[in-house]
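Comments concern the structure below.
Labels for the chains are A, B, C and D, by order of writing; each one numbers its residues from 1.
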Amino acid sequence: MSTELELPMFTNTSEEDLGGRWGMVIDQDICTGCQACVAACAMENNIPYVGEKDAAYGRSLHWIRIERFWQDAFPEVKMTPYQPMLCQQCHKAPCEPVCPVFASVHSASEDINLQVYNRCVGTRYCSNNCPYQARTFNWRDYTDTRRQPELTTLQNQLNPDVTVRRRGVMEKCTFCIQRIRHSEDAAKADNRPVEDGETLPACAQACPADAIVFGRIDDPESRVSQAARSARGYHQLEELGTLPRVTYLKGETDGHRG
Amino acid sequence: MAIAARPMLPAKAHAQEHEDPREHLMHDPRPRGEMNAMVLESMHTAGWRFYAAAGVLTLLVLTCFFYAWGYMIANGLGVAGVNRPVFWGIFLVNTVFWIGISHAGTFISAILRVMKVEGRRPFTRAAELMTTFGLVQAGASIFMHMGRVWLGYLLFPFPNERGLWPNFHSPLMWDFLAINTYLLCSTMYLFLPLIPDIAMVRDHATGWRKIPYRILSLGFRGTEGEWKNLQTAMNIFAFAIIPVMFSVHTIVSWDFAMAMRPGWSSSVFGPYFVIGALHSGMAAVAIVLFMIRSTMKHMKYFIRAEHFNLMGKLMLIVSMAWAYFYFNDYLVMWYGGDKWEKILQEFTEKGPLGYLWFAMLIFNIAVPWLILWNRKWRSTPWLLASVGLIINIGMWLERYIIIPVGLTINRMPFTWRLYVPAIEVFLTIGTISLFLLLYMLASRLIPIIPVWEVQEGQAAHMLRKVGKAEVSTVSEIE
Amino acid sequence: MSEPISRRDFLKLASAGAATTAVLTGCGPASRYVTREPYTKMPEYTYNGQSTFYATTCRECSAGCGLVVRTMQGRAIKVEGNKNNPVNLGKTCARGQVTLQGLYNPDRIQNPGKHTRGANSWSSGQGSGFQEITWIDAINEVSNALSTNEPDEIAFLLGMAPDHLFDLVSELTTAIGAPAPIRFGALGMFEARKTLMQAASRMFGTRGLPSFDIGEAGVVFSFGANFLETWFSPVAQTREFAKFRQRNPAGRGHLVQFEARMSQTGSKADEWIAIRPGSEAQVVLAIGRLVAESRGLPLPPAFANADVEAAAAAADVPSGTLVHLAGVFAQAARALAIPGGAALAQSTGLEAAEAVLALNALVGNLGKAGGVFMAPLAPIADAYHAPASGREMMEFIGKLNSGKIKALFIHGTNPVFELPRALGFMEALAQVPQVISFSSFPDETALQADYVFPDHHGLESWGYQQVATGANAAVLSGSQPVVAPFYNTQSTADVLLAAAHLPRGRAGGQLSQALSYSDELAYIQSKLGSLLADGSGFFSAPEIDTFTAYFQQHGGWWTMDDRRVAPPTADVLNRTFEAAPAALDGDGEFHFVPFVSPILAEAGANKPWLQEVPDPTTTVMWNTWIEINPETAERLGIQDQDVVRVVSPMGSAEATVYKYPAIRPDTIAMPFGQGHTVYGQFAEKRGANPTDLLGTRLNAAGDLTFGSMKIRIEKTGRTRELARLEGALGVYGFDAK
Amino acid sequence: MIKKILEAFGQPLGRIGLMIAMLTVLSAAVWGIAQTQRAPEQPIDFPHRLHVGLGIQCLFCHPGALRGPSPGIPTQTKCWGCHQQIAVRGTELPKLAKFVENDQAIPWVPVAQVPDFVHFVHRPHVAAGLNCETCHGDLSKMTVYENPQLMNMGWCLKCHRQHAQDDSELLTKLTDCSTCHY
């Protein structure tokens, strides 16, 4: 099939397309762990709540979670800087090659990892292979009003630009691709380029500390590119060579003393 | 060898060791008609025990297999114990386990056939049946594991208007294809040697029962030409299926070895899984032989201590090989000193599930090594069978430790959680019952003993006097 | 999938045909059978599939953040921040984000009705304690209550936010000569807001709220002020904090937090000093003294009585630490000290607050960048009206108990849940013959009402809100409906006005003259009128209608210039304090630190997604936990998942233990926000309420000393799993549950 | 008994019976699929033919197509805007009148509808110069709208590929999963 070649497939990267397209910078020094991003993400992306029992069993569907650990014991105890963890949109994503049905594919045009819900058969291989554990799975029909009548009113707020997932489907952060598409379309309508900061994922838009910066990393002048050049910058699990598109700025737990 | 053994053991014990070659099946021939009659009788004698057992199993299959699975499909995988980070649970444990079971069949019937190990003759079919039915369970387990099994057809490469194909980069895809191939091959390989026996049954069957046998026996009449072709076909398959068998479990291991996870991405997984498969497979054969022998008529004639002895030896060797591979991998992991793999090892040993690890080592290594070294013990059917059972539990635990326990540890410590099986337990029982049920039915529908092979062997064997001792010799049949 | 599927269509869906295709194409439910219902009369500016954005104000707390709500086909889809509003500059907190789940909450009260006290049923039906009535009758009831009772027999209890309803009711009460409305909110109680204000007025001689310029400060000492969570204006302060850390002229800011239990704010601190509850005042004074010394200043009378050793002993921290900290504070170019919440909720709370202000005066940052200011007074506000303090509430309760109050109107607050049970508000309600609640949700206070006349949800209603603090400008944040009301609800302001206009009784006559506004909108316009002349706003208009239109379009009106005022610095340091340890209640072994859940706050528990948003420090979801230091737990033989009972002389509460590494071993902490007995399916009978344990002690400013309780802890022998986002295995080791 | 059955299948008649059985099953499936593709019944049998015949532009009633994703289904205000001028005759207009006087929304059932996991935006397609007929067929020949063809992914891709021609960059963009699925 000649069409086979035109499909977005897992391909080895040649060095020139390592530039990437969309990127994010998260400053852990000013992230206050306030969870605004978590809530905003859920509201924007029609993420269902799973209830206490499933949440307790590690089935909550947060696309972004805020991690923190402890160092030492009382009274020297310190909390490690809050670390928002979301899909890193790796350029060489471990989740992509392992999906048997191309449900987890690389977007050749946007250079992010996609999850094609209607293609997903739920082998959960991608989530196993994701070193960031950034993928969540619909263990039940959390959006079925026949099972949960209380949803009938709550579902009035469902975002029509985002697919509502049913049971057995893998899902993850999309960098709010629907917003990217919308701004691209708007820009095209009055033919101009998409401006820096015009597209913001829900998390970056909500973040009160403005700790999350989003934009085009192939544009050296964009705010995100400049932030990414900070000396405090690093990538999660860089040693794996997944080329993540999210740059973290180290939080300085011990500030200058006096 | 016999001479060497004499001073070691008292004569009495010595006498019970089937040293006398006349006690070997091959040297204890019976007339064809009689032997056929025995096999046929074993087929259509089904007492109340048989029906009771079949009934219970059917009930279990209906509830624990079909109903439980249906319930899971309707309500999603939430009814199972899987969570984040343990996205893979017992379903894949079962898959690997059943594929392992299925390996013995091919090994015994193909490799031993190729190597002309005469002892194999009476129970090749018993083993091949295991292969086929085991694979059925493996396949079912894979589909149970899928979140949207109703879209399973997307795994098949079929031309469609979307121009989309399955992802041949995915080890899961290879796995899927490999298992299908293996199922196909092993079924055909089960069928070929079956033809003469089916023909035999056809000749004795009466009434409507004759029809299916007539169809299945493909009009085999036993002319020389037919035998020749059959032999050729079987030889070709025997050789061809061996690489398939090795590749299948290697590919299964790649599901893990290719993944980017601490403890999984290991180059030794391929051969290690193959050996592991044989380990559980052999053990399973031992169990099955025991059950056949003790439940079906006339089987004490066909399946004798010598065969258990043979199986025992095989199990011992395989167990040792398995131990070698396991500790090889373990040593490499430990010496490599990767941060995450160290943590994983610590977790498997000292973590809340550490007892599983110790149990596995005891079941897979200690028990067989302690019992199987002794010919007398390993020749004792019930003992060998129980060792087989223990080994199977051990191997199941081994897969459990690789999958759910291994998945608990990943590179994001914030997500580490334990896994508590839920409906998987019932579905596991379901697959086991289905396997047993299929096997029971098969044992009454087709000759569980390849009569012609036994007869062939008996015809080929004779005792020759060498000095005082009588030595068993076998001559090629052209 | 998003819209409900009608029965007929569902049958179709289930038909063999659809099923086959669904399977064959992998298309899930065939959504073409889902009927979309367009507006009957589509407003000309809306198109299908096109979003319309409305600017309004967040009502989740009284900070007054501006929102822009995305709506589609008459439905609110997403809440976003209003970029122009100076309070939040386009940002929101988690609670603001989840506002929509309040709007679409399945448990909203949908009709006005007569309600039998204590009956948890909110729609008509035989045997149900709720009898739906028409709005006409409802208005009659209100009018009766206003006219038949003597003026001083009428009382209004309103929410914490100084909004248009408060102004309207104030006018109403003055018109009929009834006592002025009382505003109450748990957040105000846990902030000890009155204490801070009183300290400011006593030190500076000016009324109003002080505001602290965190963003420009070099070193910030926060004495119990959880300014990143619920204190005053969290979103604004979080923005300031980010500036303080990374975009700071004075270099990366250094935060030191003094508190017994590490709050979310404390977790961001560079140094977290776990001082013993009750020792705050002493510590502040000691640091003041040390700062004066290390700066080589003459020791001001304010810190003369400070005893460093005693303070260190009382606080249970090495005196060396205090010396070191004083050094940090003294040497900093721009040092700032903030008094807040827990530190002021002690018998010595007022002294502590004053001492902190004195400390600021000592380093001379009053009215300077990175220092202390007085928050600008909101436009059209005559003064900043603080919510009621504990004392005022106790007096109010006394009045209710005395039976003087014949009719009580409650709107926007839930004192039965929020006030300490020991104050007996619920029992007091029983003494009131007629309680009318305007609550949108079946909360504990509405449960004790005779009538429930549900107000619109915040996103369905008009209004404005005077912003108390958070912005440098003077801000009046505007609200407008972003969706048509979903249920048969009515704006409380309209109900009151309608009632006032009914020509009946003595009150009626006066009222209809006094409150001559045709409706809520007219009232708001009349208030906005005074701003027309004011040219200092970022927009102005020739006449009121245009002005109102702009007001709604931009989500409010605010000045362009910085309206903060520098407090007078005169003789601030000449007052003297005696450094006495705080008085404690109860004889328990442990100090009790109740804190407001940063996620749920006082009214978030009925929103499922807020329940599922993990607590920042413990990552617990969906329930209440009790924080114990691991050592203490070890000593008491308490494991993870054990359910324990904390007991104070006033009451007890049960919840699952969380072994919290960052809390004093002699302290037990518990979040406030759960433990509702009613309040909808998501909140009902979930968790426990720490206010059940609190006492009635007041500090000098009349605020409740919720930090003064000493409690006992008992095992119950039961265990209950706590829903945590974190995997305990990874965070606390393999032997953790 | 069983023997008889088995033998029966051997007979030509039995064979034919078997065939028929198979055919019925097959046709049932086909019928099912056809069912889902047939236009559902509408609250009002709206005669597109008539209105198009009167020269009313598609975009007059479906203006959304110019601006964004969905062209929109006209509300009763839109219909009544003209029809209050026109005598209420025939079988359908009374229905409309009824909706208007009860002030109910007309529960139109969308026909040209893609599943929810497909995000189709009309604007770029209109901007690319496609006529409504290209996808929706000639409305001047229909009363109640029916899809002229299966609107499935193959159909979309075919057109996208044609449009891209040999512009590889455009092709990647137009065949990218994220163009429609998110």
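General observations
We adopt the following convention: contacts are C-beta pairs under 8 Å (C-beta built on N, C-alpha and C of every residue); 3 or more make two chains touch, one makes a residue touch a chain.
Computed from a predicted model, the values in this text were never measured in an experiment.
Put simply, the chain nearest the middle, going by average C-alpha positions, is A. Relative to chain A, the chain whose mean Cα position lies farthest away is B.
A straight line joining the Cα centres of chain B and chain D is 54 Å long.
Note on chain placement: the centre of chain B and the centre of chain C lie 66 Å apart, centres being C-alpha means.
The distance from the centre of chain A to the centre of chain C, each centre being the mean of the chain's C-alpha atoms, comes to 31 Å. With touch defined as above, residues shared between interfaces to two or more other chains in chain A number as follows: 3, 6-7, 58, 65, 67-69, 118-119, 164. The multi-chain contact residues of chain D, meaning those touching 2 or more other chains, are 68, 115-117, 152, 157. Across the assembly, chain B contributes 85, 151, 154, 163, 412-415, 417 as residues in contact with two or more other chains.
By the touch rule above, chain D contacts chain C in their complex via residues 28-29, 31-36, 40, 63-64, 67-78, 103-111, 113, 115-117, 152. Within the complex formed with chain C, the chain A residues making contact are 27, 29-30, 32-36, 38-40, 42-44, 46, 49-53, 55-56, 58, 60, 62, 65-70, 73-75, 77-79, 82, 118-119, 143, 145, 149-150, 152-160, 164, 166, 202, 205-211, 252-258. By the touch criterion given at the top, residues 23, 26, 726-727, 729-731, 734-735 of chain C touch chain B in their complex. Contact residues of chain A toward chain B in the complex are 1, 3-4, 6-7, 9-10, 54, 57-59, 65, 67-69, 85, 94, 97-102, 119-125, 127-129, 131-133, 136-141, 167-170, 237, 240. The part of chain B that touches chain C in the complex is made up of residues 85, 150-151, 154, 346-347, 350-352, 408, 412-418.
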